[in-house]
Amino acid sequence: MSERRPGAGRIWAGGLLLALLALAVWAAPLLAPQDPLRVELGQRLQPPSAAHLLGTDQLGRDQLSRLLYGGRVSLLAGLAASGVALVLGLAWGVGAGLAGRTGDFLLMRTADVGLAFPGLLLALVLVGTWQGGMVALVTALTLTGWAWWARLARGLIQEAKSREYVLGGRALGVGGWRLLGCYLLPQMGPPLAVAAAMKTGWIIVALSALGYLGLGIQPPHPEWGAMLQQSRLYMSRAPWLMLAPGGAVFLVVLACNLIAEGLRRRWQIREVRWL
Amino acid sequence: MSGAPWLSVWLARRLGAVLLVLWGVSLVAFSLQIICPGDPAELILRTRYETPAPKKMAQLRRSMGLDRPAHEQYLAWLGRVLCLDLGRSYRTGEPVAAQIAARLPATLELALASFALVVALSTLLGLCAVWRGGRWLDRLLQPISLGLVSLPSYWLALLLIALFALGLGWLPVAGFGGPATLVLPALTLGLGAAAMQGRVLRVKVLEVMGQDYLRFAMAKGLSPGRILLRHLLPNALVPMITLWGMSLGSLLGGVVVVETIFAWPGLGRLLVESLLGRDLPLVQGVVLLMALAFVLSSLAADLLQRLLDPRLSAEGSGV
Amino acid sequence: MSAMELSDLWVELPGPGGPRSLVRGVSLRLEPGQVLGLMGLSGAGKTLTACALSGLLPAPLEVTRGRLRLDGRALDLTRPQAWRGVRGRRVLLLFQGAGAALDPLMRVGAQITEALRQDRAMAAAQARQITGQALERFGLNSDAARRYPHQLSGGMRRRVLLSLAWALRPQVLIADEPTNGLDAASRDEMSLMFTQLTRELGAGLLLISHDLRGMARWADHLAVMEGGQVVEQGRAAELLNRPSHPLTRSLVESLRYLEGGHA
């Protein structure tokens, strides 16, 4: 099976994992045994038991419930930021690739500014100074990600433009939107899909990293990164607390990377380099 | 045919682009002042535990130039920044540049240690694919490296602390000073990037292995060691230089999380402290410095690659 | 005594449904200073035979049977370690497409020198001197040694490879499509240089080519391959005059057509 369709196993495994996680998080109100915000100081730092499958945190809140509800923020904000950044960056990059020299120059130099901030630095300072909650969070992550997409899209469209059948199409008089829609964009699909899977994983990591630093979703609302940060204080007394939130982020990212790797093998695309 | 003039033309164009980018970065850093809610004057007075009386605030605003239009403020700020005057911290009143200088060595130590780890480990990972006895290792390492790439650094840090500090007691949980405290932060910062680049290098190595010049090096009867050192490694590693240069920069960005976890007294923690304390000049200073380091390390890597690859240093095109 | 005698070479591709034989019992004989032309359609197993003759088969392929006699010594081709000290020194394989055979990051002189030094533990100065002579022998000035491959034209890169062969002085030279991608005039020039090199070194040359006219002109002996087997071999003149196998006959016919077309 794996010989006929390379990467199929990885795509399926990653997709299934992601679907399960999304389903669990979506059904949080049904699955969660407790209100994630309910404080029971008598039940502080309980190890996993039948009543609390993943134990309780320093305020006696049920860890499993917090995990499920917390995932809603991570997944939803992550997907939103990833999607918006993709659309914005794609439009930007395609615009640059099709614009004349001056337009290309202006658009790409702007994107370069976005790329000049390493890692999640830009998101970090935007969220930190703006302090606008969820909207600020998604906006900041979008602003961090779009430039990367713009550069990728521009590179891909430049490559697509030089393909022989595109030149042939232009020689036949195909132009404008039709050239873009029927000749150029379809070619960019596979590498974009690989990159999208990878980048979504990255954004979800960045989101929880912000939470860990205390700059994301504000307490008492659960968020995976913030939960991890709190567990840090109780590492020797309640080591189980750090396993679940970190493991959840890890599984989401692993699923994304599995899908990316599978797609990459399926379409035989070389490793996408610019992370 | 000589490469030198082309190279200087290329370098001049790249430097121009870098200056343009840095100007954009300065705009972003300055605009933090605008998106920051609240009045800076009030902020300063509050962090100094003074009552923000209207008269005091007006006086402070005037002395800081906050009553002037935004573009005038920006030009004045940019002028000061270009003279390396990054202002004074809202909280302590100390010069920002001095505070950054005090924190920079710790961050450099951490970033360079992880960078060495990234380069060494990714090379080893990449070479496993071609070492004859390493086939099984390669097969084993593929899923492991995918796992490492997927590990969020903050969780990796906690796992490493739980295992090596709390569990085995080999290394300190956190802190700064001496090589023992460096191990866990450097591992946390470097492992993911090393796995990522090991994967890229592995593809590159396999690609070079399939090239005619490598097979011809074998046909010439060269020893495996010489083929590895003189033909395979240079051809596989030279394209990696750009990637490594970028990773040196992004390690500087990654220190934010790692330094916070390990209580490492570097720039990253300074940044988080300033963000939480709403100390805008410090935030701006650190952001400017990190972006500058990132852009310059990328440029240096590009330059190095051009110097090492005769095909690139001879061609003039391609900025 | 012949320069090289290959007997009963089998190359197989292991697969789930049992191994697939791609070269089946090929035997060839090379005389010193003479050219053996190996002809056949694409996929006949010519290149595989060439690769097997220097132990450079790509990974899943393997030699399952085959012996090679090189000046009185017998090599068991199924053992890869048999090639140590032989490959490059006594048997040299030159690849298709000379452009890609040189390392892009190394000066071409160094690529000849390193082969010399590896082989004979020669002093650096002496190796450089021989490299210079070799390049000169094929009409490249000493300045060429300091160039990188991308700075040389395709024809110059082919001359570099010839210089390498001249410097290494192998007993057996295998050239796989040395004239690929050249125009007719350069093809003749290249074939001439190969033949001269063979005579000068007293080496046996196994020449693989699609260029029928060149083969007819330069080869002393010819062998025709089809489906992994040698279907006919003999002295070039006899084989071309009285082809017996249908493939040989059709090759000879197309050759006549070509010659006629040019006349």
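Going by the order they are written in, the chains are A, B and C; count residues from 1 in each one.
One rule holds in what follows: a contact is a pair of C-beta atoms (placed from the backbone, for glycine too) under 8 Å apart; a residue touches a chain by one contact, two chains touch by 3 or more.
All of these numbers come straight from a predicted model, not from anything done at the bench.
With chains reduced to the mean position of their C-alpha atoms, the one farthest from chain B is C.
By number of C-beta pairs in contact, chains A-B lead all other pairings. Taking the mean of the C-alpha atoms as each chain's centre, chain A and chain C sit 54 Å apart.
Here the CA centre of chain B is 51 Å from the CA centre of chain C. Centre-to-centre, using mean CA coordinates, chain A is 21 Å away from chain B. Of all residues in chain B, only 17, 20-22, 24-25, 27-28, 32, 35-37, 146-147, 149-155, 158-159, 161-162, 166, 196, 199-200, 203, 243, 246, 249-254, 256-257, 260-261, 271-272, 275-276, 278, 280, 283, 287, 290-291, 293-295 touch chain A in the complex they form. Of all the residues in chain C, the ones that touch chain B in their complex are 54, 56, 85-89, 92-97, 100-106, 114-115, 118-119, 148, 150-151, 164, 168.
Residue ranges on chain A touching chain B, taken from their complex, read 109-110, 112-113, 116-122, 124-126, 128-131, 201, 205, 208-209, 212-215, 225, 228-229, 231-232, 235-236, 239, 242, 245-247, 249-250, 253-254, 256-258, 261, 270-271, 273-275.
Across the complex, chain B meets chain C through its residues 1, 211-223, 226, 230-231, 234-235, 238, 308-311, 314.
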